[in-house]
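Each of the next two complexes has chain A plus one other chain: chain B in the first, chain C in the second.
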Partner chain A sequence: MIRITGVCVGLLIAWSVGVAQTQLPATIVQPSGEQLLELIDANMVAATQQSTFSLNIQTRRGSRTIRARSWAEGSENSFTEFLDPPRERGVKMLKLGTQLWTYHPGTDRVIRIAGHLLRQSVMGSDLSYEDLLDNQELLQYYEAAVTGIDTVLERSCWVLDLVTREGEETAYHTRRIWVDRERLLPLREERFGSSGRLLKQTGITEVMQLTDRWYPRRMYFRDMLKEGAGTEILFETIEFDCEIPSHLFTTGALRR
Partner chain B sequence: MIRFLMLGLLRDRSRSLFPLLTVAAGVAITVFMFCFMSGIKGDAIRDSAAFQTGHVRITTAAYHQLEHQLPVDLALLETSELLSQLRATEPELSWTPRIRFGCLLDVPDASGETRSQGPALGMAVDLRTDRAEIERLHLEQALTSGILPVLPDEILLSQQMATQLELQLGDTVTLIGGTVYGSTSMVNLRLCGTLRFGITAIDRGGFLVDLATARSFLDLEGGATEILGYFRSDFYDMNQADLLATDFNNRFQDEQEEFAPLMLPLHRQSSLGELLELWGYFSTILIAIFVFVMSIVLWNSGLMGSLRRYGEIGIRLAFGENKHHLYRTLLYESVLIGLTGSLIGGAIGLTLGAWLQYQGLDYGFAFKNTSMIMSSVIRAQVSPAAFFIGFVPGLLSPLLGTLISGLAVYRRQTAQLFKELEV
Partner chain C sequence: MILKLALRNLWGAGVRTWLNAIVLSLSFFTIIWSQGVYHGMQVDATRNMIAMELGGGQYRHPDWDPYDPLTLPEAHGAIPAPLQKLIVADKAVALLLAQGTIYPDGRPQAVLLKGIAPEQQILELPPIAPAAQPGQIPVMIGREMSESLELGVGELLTLRWRDHTGAFDAREFLITTVFSSSVPTIDRGHIWLRLADLQVMLSAPGIATLVVVSPEMTGTQLETDWVFRSQDYLLADLRAMVRSKSAGAAIMYALLLFLALIAVFDTQVLSLFRRRREMGTLMALGLTRGALIRLFTLEGALHGVLAGLLALVYGWPIVYWTAVTGFALPQASQDFQFAIGDRLYPVYTLELVLVTTLLVLVTVTIVSYLPTRRISHLNPVDALRGRRS
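Moving on, here comes the complex of A and B:
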């Protein structure tokens, strides 16, 4: 499956991960959009992943930090449990494909996130639940084309433009992604509405090398329609290809 | 002379009956319309003040700008100090914190899965320590079943919403919303009663909880989206409210930041000022139109009267009655007709107004989709002004009519009177 990492935000909450090092074949001077998406995907997706991360949310009234632990199986399934602050402790989220549930210990209710709730912010961050579910096959919905070369954070990047295919409906009409030519990381992404207005901006500000691959360590995500300085995501620990009990990816696990 | 004129009018009813009926009917309509409009205006002020605006309201400047979105994250975070200060410096007003917020109301089935769900508009008021809030919102009268919340985990739901969600008293509902920090928040509450306010916007999807319950749900301990102030006299004094707001805002002007408290009087909120001004214009226009139309009608009536009284006026002039005196007596007659017509019309208008004040007229069907805080039961209001308002058109219109039609007296030539009278 082809997923883009702009989506690497979804990934951070542990929804996608990379394991196998992928490199651009030396013969390809400039990849096609489709090839580049496949390469990013191969770099970022792992069979399983376990991570601990924190979200530093900058709002109009100040900032706060939320910590969580997450388990993921590919980019399809994930289970997240919030650890801090105390009010959020024990809140859990389960993603199975395109469905999302949340559990709040105070109510002992498992609620499926659907409809307008999908547009709500996750824990007050700049990410919406819809963004977390954004692991769609981008090539099915977008026409991709590499439109140039640019420099981001002193790294040479391919500029990849995605435009919604005619007849398809997407949350963002167009996307522009700056992909590190060497490390195949999406260093910056901008998402636009059909009017051309910039809606969301994401990027990687710090990377780490894990075994034979490069992976984001610190990222930001900014909802351009909200006032505030955005949300920073910091991976504290990350482990790939670990063993995850299969019962974790069931709604029953939310109440345990 | 007045007695003489009055006897003339009574004995020759064809001279007075038609103008009298016209004035009485016009005055009755004017008085009734005035009562009707006063009723709508009074209801709008009362309902808005009670449910939404207070007589004055304090929010943060940022909240005020986006209040249609009910942005809890822009609420006043710490209200106890501000409330103490307000209670000490402005004791002529009663101050109360409130929270308005939007959320989803989720109803679980026996296994805890969602059975039904819908968006809802919540209002949190201090139910447990502020009896005035219960009276101000007429909560006891609005209860259609159950009781007011006694415990923190209890909720009152609009009757309409409870029926739509198939809820019974004692059932559990889950509120799903966002905290002041934007996190998703959930709480289970027990339905302890249902309400019907007669205000479509609230009855469609509203619920009411205690302030403490909402503070805990929204992670807004000590905070509120607004602080409302009500004049203890219960009478909205626009000038005093303006002065109060100006003084308050000047005091907090140094804090030029978006979360500084901002006070707004009722007439500067939710376009109420424009609405009240419009009502004022409308009343004036209504009366002006009535006076104008009636003047034309009575002018015509005067003209007809003059024609019919052509001989009488001629004889009076032939007897040597001064034209000015004759003109004056016609004017006096019109004043007598106006006065009598105003009394009769006023009594009819006030009776109709009083009937509508006590009976009320439910027109909720016309406001099915509205979000305005406005009662769906229309009531007139018989105010002291209604006793006098009818005299303005009632006296002015026959007087104006006679002033114009009576000018014909001056066009009569004494030299030709005998010829005209065919003597």
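Moving on, here comes the complex of A and C:
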């Protein structure tokens, strides 16, 4: 969580930030996939943002909630500090480009998350560290096509299908995104393997309007192979274009 | 004459002699038996690992470091021509390794996927039985894995993996074969697939991570850029582990032997104290001090011989019986990561028996000799009066 709130579900959130700022030209009745993606890619990044959010992780054994505060600079850099519960308090996570570090106050150690560690779950949630780093520009990696109109949460949506471009390397071979036609929010996204198996699902279940923009307030992220209701993300506060000290995006900040 | 005298004295000491001999024989038997157990573990594990995992050695992809899982996603490539020839000639088998995640009861669990040709004869693994329904991909798991997952033949397993470009995919696999193995490193956390299936899953036909050659190829090394690891190299860890456990057990042996030797030493000191008049009489009859020292040393050393004979009487049947029938290992012993079966068969070598016998006899002789040095200062007249010189 580190883009709106940091990295977590970066794409989804960045979308909500970016697309809300950009409107489709009134002349376009049905945009092409590229047009939608261009709008998305062009608006992926809010210059800076600061947010407080909570993760509600629901597993077959029960659920638990983790609160965190996050600062983000563009789509590349983010810093997240966990606030609650007490056992997670003080855990920090730093993302600089495609690199990720975590700091645990109990051991006073900074650990670089790389290789097979990237596949581990973040705090037991349905998100893996790889998901946090997934901030690629979709247009570069996927061929996009608007394949229809559907209704999600009683909202009319464009159905956008993304298929990996020949020669490109992506974590998910295909994706399907339901984009709110009016608010341009990605209300649901499904990620598939090359065999067509649904692997992950993300979505927005509650939105909020700040001035003239629409933002997600409550979202979910679900590993479809795991049991459990997935991980829910609730944004408590969001602030854009705020001042963020530059030293926050250094590994030294993890120990402070 | 000295030997006859020593034997008579030893016999005459009665219970004291037998107590010493029993204590010493226990040490003697414990050392031989437990060393036999360790040797048996090594022999059994070596045989099993060669048969089921190592073969006559391995050729590994240059990028693969088995101690670094981060290398695995990149560690595969086309099989070099010399190795391909061996595979065609049934003298080697190719294996493809990849990481995956299974979801037993919806919980993610990391596994190592191993692709192997089902018709291979190099490793003693059963062939992966085909799936009954077309389109299903069969997999094979070990018995331990089957028990830990609570999944058996005919049940489905959800598996997620990444192909060689890094793209995720997942599907259901049918468990068609469960095999028994005493090699934990091919069972726990392993899912076996047909090589061709795994190559398709990784979208990379014709690739492999390592090639295992048949045991008959041991000592042969081919010209290829893949890294050759000989059987000796691959077994070095096992041997080091057995050496380490054996060395740890040596502390116990030393303690047992020390206690037994203390008993012998004590007996010797007591003899020298109580048998002064006898020593004086023998010297008065013409026995030299040297001969007297030899007599008492021999008496002590004969405890070792007697202990050996005693250990033979009650130890041989036990040693023979365990060597032939083995003994069942507790379930907890599987955690030792030794490739040994449910029963362990100790292996006793002639070298082991001879070295242990020599060790006991030499130490007993030394311990017997040390107190007798006092005899060299013995005055026969004082000795006859029962006094110290």
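Criterion: the second predicted complex is superposed on the first by the 232 of 256 C-alpha atoms of A that agree within 3 Å, B and C clash if a C-alpha of one lies under 4 Å from a C-alpha of the other, contacts with A are read in each partner's own complex, and residues count from 1 in each chain.
In this text, a residue touches a chain if its C-beta (ideal position, glycine included) is under 8 Å from a C-beta of that chain, and two chains touch if they have at least 3 such contacts.
These numbers come from a predicted model, not from an experiment.
**Student:** When the two structures are laid over each other on chain A, do chain B and chain C clash or fit?
**Tutor:** Overlaying the two complexes on chain A (C-alpha atoms) leaves chain C and chain B clashing.
**Student:** With both complexes overlaid on chain A, does A:Glu88 touch chain B (first), chain C (second), both or neither?
**Tutor:** First partner only, chain B.
**Student:** Of the partners chain B and chain C, which touch A:Ser121 in the superposed model: first, second, both, neither?
**Tutor:** both
**Student:** After lining up the shared chain so the two structures overlap, which partner does A:Ala253 touch, if you call chain B first and chain C second: first, second, both or neither?
**Tutor:** So A:Ala253 meets neither chain B nor chain C here.
**Student:** Considering only touches as defined above, state whether A:Leu96 meets chain B (first), chain C (second), both or neither.
**Tutor:** In the superposition, A:Leu96 contacts neither chain B nor chain C.
**Student:** Name the contact category of A:Asp108: first (chain B only), second (chain C only), both, or neither.
**Tutor:** A:Asp108: touches chain B, not chain C.
**Student:** If you stack the two complexes on chain A, which partner ends up touching A:Val159: first (chain B), second (chain C), both, or neither?
**Tutor:** neither
**Student:** Once chain A of both complexes is superposed, is A:Arg60 in touch with chain B (first), chain C (second), both, or neither?
**Tutor:** In the superposition, A:Arg60 contacts both chain B and chain C.
**Student:** For A:Gly193, using the defined touch cut-off, is the partner it touches chain B, chain C, both, or neither? Pick first, second, both or neither.
**Tutor:** second
**Student:** A:Ala229 contacts which: chain B (first), chain C (second), both, neither?
**Tutor:** It touches nothing on chain B or chain C.
**Student:** Run through 25-33, 43-51, 97-105 or 223-231 for chain B and report the one that clashes with chain C in the overlay.
**Tutor:** The answer is stretch 43-51.
**Student:** Going by the contact definition given at the top, which residues of chain A touch chain B in one complex and chain C in the other?
**Tutor:** Residues 60, 116, 121, which sit in both footprints.
**Student:** Show me the residue ranges of chain C that touch chain A in the complex, using the header's touch definition.
**Tutor:** Contact set of chain C toward chain A: 69-70, 99, 101, 103, 105-108, 110, 158, 160, 162-163, 165-171, 203.
**Student:** Touching residues of chain B toward chain A in the complex: what are they?
**Tutor:** 62, 73-74, 77, 104, 106, 108, 112-114, 119, 174, 176, 178-179, 181-188, 219, 258-259
**Student:** Would you mind writing out the residues of chain A in touch with chain B in their complex?
**Tutor:** Per the touch definition, chain A meets chain B at residues 57, 59-61, 64, 66, 87-88, 91, 102, 104, 106-112, 116-117, 120-125.
**Student:** Which residues of chain A touch chain C once you look at their complex with the stated criterion?
**Tutor:** Touching chain C from chain A are residues 60, 114-116, 119, 121, 164, 169-173, 191, 193-195, 197, 199, 223, 225-228.
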